[in-house]
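The following blocks contain the structures, represented as structure tokens.
Two complexes are shown next, each including chain A; its partner changes from chain B in the first to chain C in the second.
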Partner chain A sequence: MENIVFGIGITAMAGALASVAGAAENVESDIGSQGDPNSQVQLAPQMGYIHRIFNKAIAGEPPAYGAWCAIGAGLAMGFIALQVNPILALILGCAITAFVQGVYATTAYLGRIASLAKFGQPVYIDILKSMTTVTMAHAFVAIFTTVSLCYLMNAALGHPFPLPLLGIVWGIALGAAGSATGNPFYGKERQYQNQKFGAGVPVAASGNIVRYAEAGQRNSLDNGWFSAKLGGPASGVCFGLIVFLELWRTVLFEPVGHGWGAIIVGVLLILVFTIIDRYIEVWARKTYGPYAKPAEVKT
Partner chain B sequence: MSAIGAKPAAGAEVNTTASIIGLILTLIIIGALYVITKDISMTMALIGVIIGGVLVGFCVHFMPVGGAPAAMGQAPGIATGVAMLAAGAGLAGLFGGAWAAELGMMVAIVAGAVGGGLMMAITCLMVSVIYVFGMGIPAASGKSKIDPLTGDTQVEFKSQGTEGHGLPFISYVGGVIGGLLGGAGGTLVYIELLYLYEKELPALLQAPMPEDVKIVAVSLAGIFAVGIFLVSSVLAAYNITGTTEGPADPKFKRFPRDIVASLLASAICGIFAILIVAL
Partner chain C sequence: MTVSASVGAGAIPHNTLIGVGLVGSLVGIYLTYLNVITGLQVFSFFGGIGAVLALVWGSNTIKTLCSYGIGTGVPSAGMLSFGSGVIAMLFATRYGVAAPIVGLVLAAIVGAILGYCANQIVNMKIPVMIQSITEMAAIGALTIMGYTAMAAGSFSMIPLMSASHLDAGYWATFIGASFIVVVFILGAMAIQHPFNATLGPSWQQDRMLYLAVECGFLSMIVIAVISFAFLSMNAALVSLVVSLAGWLYFYMEYIRLSKRDAAMWLDAKPIVEPEGH
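Presenting the complex of A and B:
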């Protein structure tokens, strides 16, 4: 009984860490335009729209976070092997990794923006100075929470994978969940805030991203503030649910039926989420209605 | 011929000659392993790795991925890379499968499949939540006039100037099936290599206790499983070229080409993974 209670406690803590990780990851990637909306940040100057948006998209979020979490986890494992207190080791490993991310962000921004020189896009040094440290801070939060939950899985729940391998696995999953959930909110609702709400961005509007804020020119800190309102928390809920439910069903139900208990619970959860998704889809169709009457549609 | 003058490539047709050559090369690699090792269990492990790699490549074709256009609500699907989403789901499945490895191969593979499917179910649900409640956009397919599962009409729900948006139900189901296949494939690769390493490494490393080499076996099998997963999923992404809506997308029919490519790529990766303990 004590083992189960301990396991549930660790599961809840890992889920909470994952929620913070998902939110920080999405806000970090949106400040750096690292998700798919980076295409518009890169396209804008080519269409004549010079901007002050940060762009460090030289790798997708999943491989980037897979690398950073693996580096952080590897360093933490090394410090633990040197008899450093595990909590301090996690902090040190992730802090050093944040500087690796800073080097990545700096070179990525300079490379991506310098390639747009022929279109008249300047490299803003003040943007480089002010944005890089903010992305590093968000990256530290995301990496630290992810590596910490990996440590809990390994040390407290007894998962066989060593810490760096868990870092790769959950870093890639973090990037996949964060980019899938948060990218549309940043790409459509923020970069194309001047387009109509409740419809996709017409292809003809591509590149015409919003470049002005309430006062002066918009920069990526404004975008981070916007993402933190919905895209970030939604990504946090997504990654938190993934980690929590994966651990919860395993810790609680794997002893049932020689492992089949956790599998059956997993299948039931998938069915529940499928029903919720279908309900949301039908609700949206009824509530928002079609854009055109069926008869007017060219088929 | 310049790139501009070239005909559009990457159709759905299968190059028969290339496919036969790929199949023969795969058989040669399997035969070569048996000739080198004279060990049927290693050959069976390689076949298991190949089946796992093929499952991974096949799983990617189910993933509804819209890439950059989906991030602007210009195309349906999930706004990320196709290989990356498959890797995220498959590796989450691998995590669950590896945990259940001690309960036997069947339980581990099914646990891995359910782990991958659950990850995709949650991710696809949150994508729908963001589109519907954050952006006020209903789901609409760009490739199908009617959702094959629900019968919902799609065309009138496409906003002007777009190819559709959101996640129609067929794409959601495709994502979950992709997660299931990816989790199972990744776990199969891991389990085959883990059992082989646990058997061969104690003698190779001259360790007195098999427990001493368990962490080495788990690490090696895990990193090879991640590597083979990424090889197969990136190959499949090249086959898809860009975005896909999942099983209802015409690009789904390209999967036979990827099966052959994944067979060969998994065989090459697998023989290296096995020979490190065989030679």
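Presenting the complex of A and C:
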């Protein structure tokens, strides 16, 4: 019984860490216009829309965060092998990883913008200086919380995978959660506030992203503010639920039927979420869908 | 799958880069064997230098392949390269001194099979596919072997599965603690980033190659920090200093080249609207 209470406590803490990780990851990637919103930021200058948005094309979010969390976990493991206190080891490993992330961010921005010289997109050095540091800070929070929850799984729950392997697995999961949940807020809504709501992105509007802000010209910190309000918390809830439910089913049901209990509960959870998703989709289409009858559309 | 042949050739021919990468990485990895001959560990950083040269070759291969519009992002090519390379590299570590050669040959075979499958079975029909994937698998194996030799001081299986500063047995060794995952992802990011970050209408080969070297040295910094867990303090410090110096030089050079190629280099200036808008 004590074991189960301890396990549930660790599960709750890992879920909380994961929520913070998801929120920080999404804000970081949106400030850098990483993931699918990147295509429009890359396209805009080619369509004649010069902008002051940060274009940090490193990779998709899942490989990028798989990399950062694996590097952070590997460095932490190296420090632990050197008899450094585990908490200090995690902090040191993640700090060095944030430096690596920052270097990748600067080279990606400089490279992409310099290769757009033909269309007259300038390199804005102030954008590089002010955005990179902000993304590094958010990346540190996301990496540190994710590597910490991996450490909890390994050290407290006795997960058989070594720390770097857990790092890459949960890093990819974190990137996928942020990419799938948080990006639509930025890529489908924030970039196209000048288009009719729910209209999608017509070909004629491709690259015509919003470039001017409430006051002055929009930069990626404005997008970070927007993401912190909507996309970030949504990604946090998503990744937090993934980590919490995954550990919850393992801790509680693994002793049932030589491990089959956890697998059956996992399948049941997938079914429950499929039903919830379907219900929400149908409800949203009925409530907001603008495409009910073609005759209603004024041309 | 559309095939848009927009392969712009760079100033340095691809075959020259193959030669530099292949010979350079093999020489670099074999120089770490001086550790065994002399009984010291300070020659480990040569593995990293070998890996950097393989990555330079790899960035140009990715450029050649991805210019055809393979239907996925550039990063996927890097993951494929290292995914096939790591199998060959791990198998080759059994063969002691011959490991780098065995790894190279084996990876090339794995790559050729994957390239054949992509072209004939998945029906992608890209002319450079088989050659590119063969090259990339070989680059993956050589890079992983180079970084591994740099971190653990050896490319043979026995030291990789036994040596460690921690007395925790197998679970604290290079393979047992999964440090190879870090090497895998560091290499995969470093091979895809140079082309992914510099693609566009005003792409320049020299800028991409400098970025490849910069990425390689950046990965070396992380590997050097990890090598403190496996090597003597002096050897790890030598690796760290070499990595930091190399990274700093090539980072500054890359910024210089970006400044050369950029349309304008502005600090805190408003949007410059092009004429006609």
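Everything below uses one rule, namely that the second predicted complex is superposed on the first by the 288 of 299 C-alpha atoms of A that agree within 3 Å, B and C clash if a C-alpha of one lies under 4 Å from a C-alpha of the other, contacts with A are read in each partner's own complex, and residues count from 1 in each chain.
FYI, contacts are C-beta pairs under 8 Å (C-beta built on N, C-alpha and C of every residue); 3 or more make two chains touch, one makes a residue touch a chain.
Since we're looking at a predicted model, the values are computed, not measured.
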Touched partner set for A:Pro162, first chain B, second chain C, both or neither: both
Chain B versus chain C as contact partner of A:Leu230, first or second or both or neither: first
Partner chain(s) touched by A:Thr107 [first = chain B, second = chain C, both, neither]: second
First (chain B), second (chain C), both or neither touched by A:Glu246: first
Contacts of A:Pro63 with chain B and chain C, given as first, second, both or neither: both
Contact breadth on chain A, by residue count: chain C or chain B: B
Touched partner set for A:Ala173, first chain B, second chain C, both or neither: first
Where chain A meets both chain C and chain B, residue numbers: 60, 63, 161-162, 165, 168
Chain B-facing residues of chain A, complex: 35-40, 60-63, 159-162, 165-166, 168-170, 172-173, 175-177, 179-189, 191-192, 197-206, 230-231, 234-235, 237-238, 241-242, 245-246, 250, 254, 258-260, 262-263, 266-267, 269-270, 273-274, 276-278, 280-281, 283-285, 288, 290-294, 296-297, 299
In the complex with chain C, residue positions of chain A that touch it: 42, 46, 48-52, 57-60, 63-64, 66-67, 70-71, 73-75, 77-79, 81-82, 96, 100, 103-104, 107-108, 110-126, 161-165, 167-168, 211, 217
In the complex, chain C residues that touch chain A: 73, 75, 79, 164-166, 171-172, 176-179, 181-182, 185-186, 188-189, 192-193, 196-204, 207-208, 211, 214-215, 218, 221-222, 225-226, 228-229, 251, 254-255, 257-259, 261-274, 276-277
Residue ranges of chain B in contact with chain A within the complex: 67-68, 70-74, 78-81, 84-85, 87-89, 91-92, 94-96, 98-101, 103-104, 107, 110-111, 114-115, 117-119, 121-132, 134-139, 145, 150, 152-153, 155-169, 172-173, 176, 214-215, 218-219, 222-223, 226
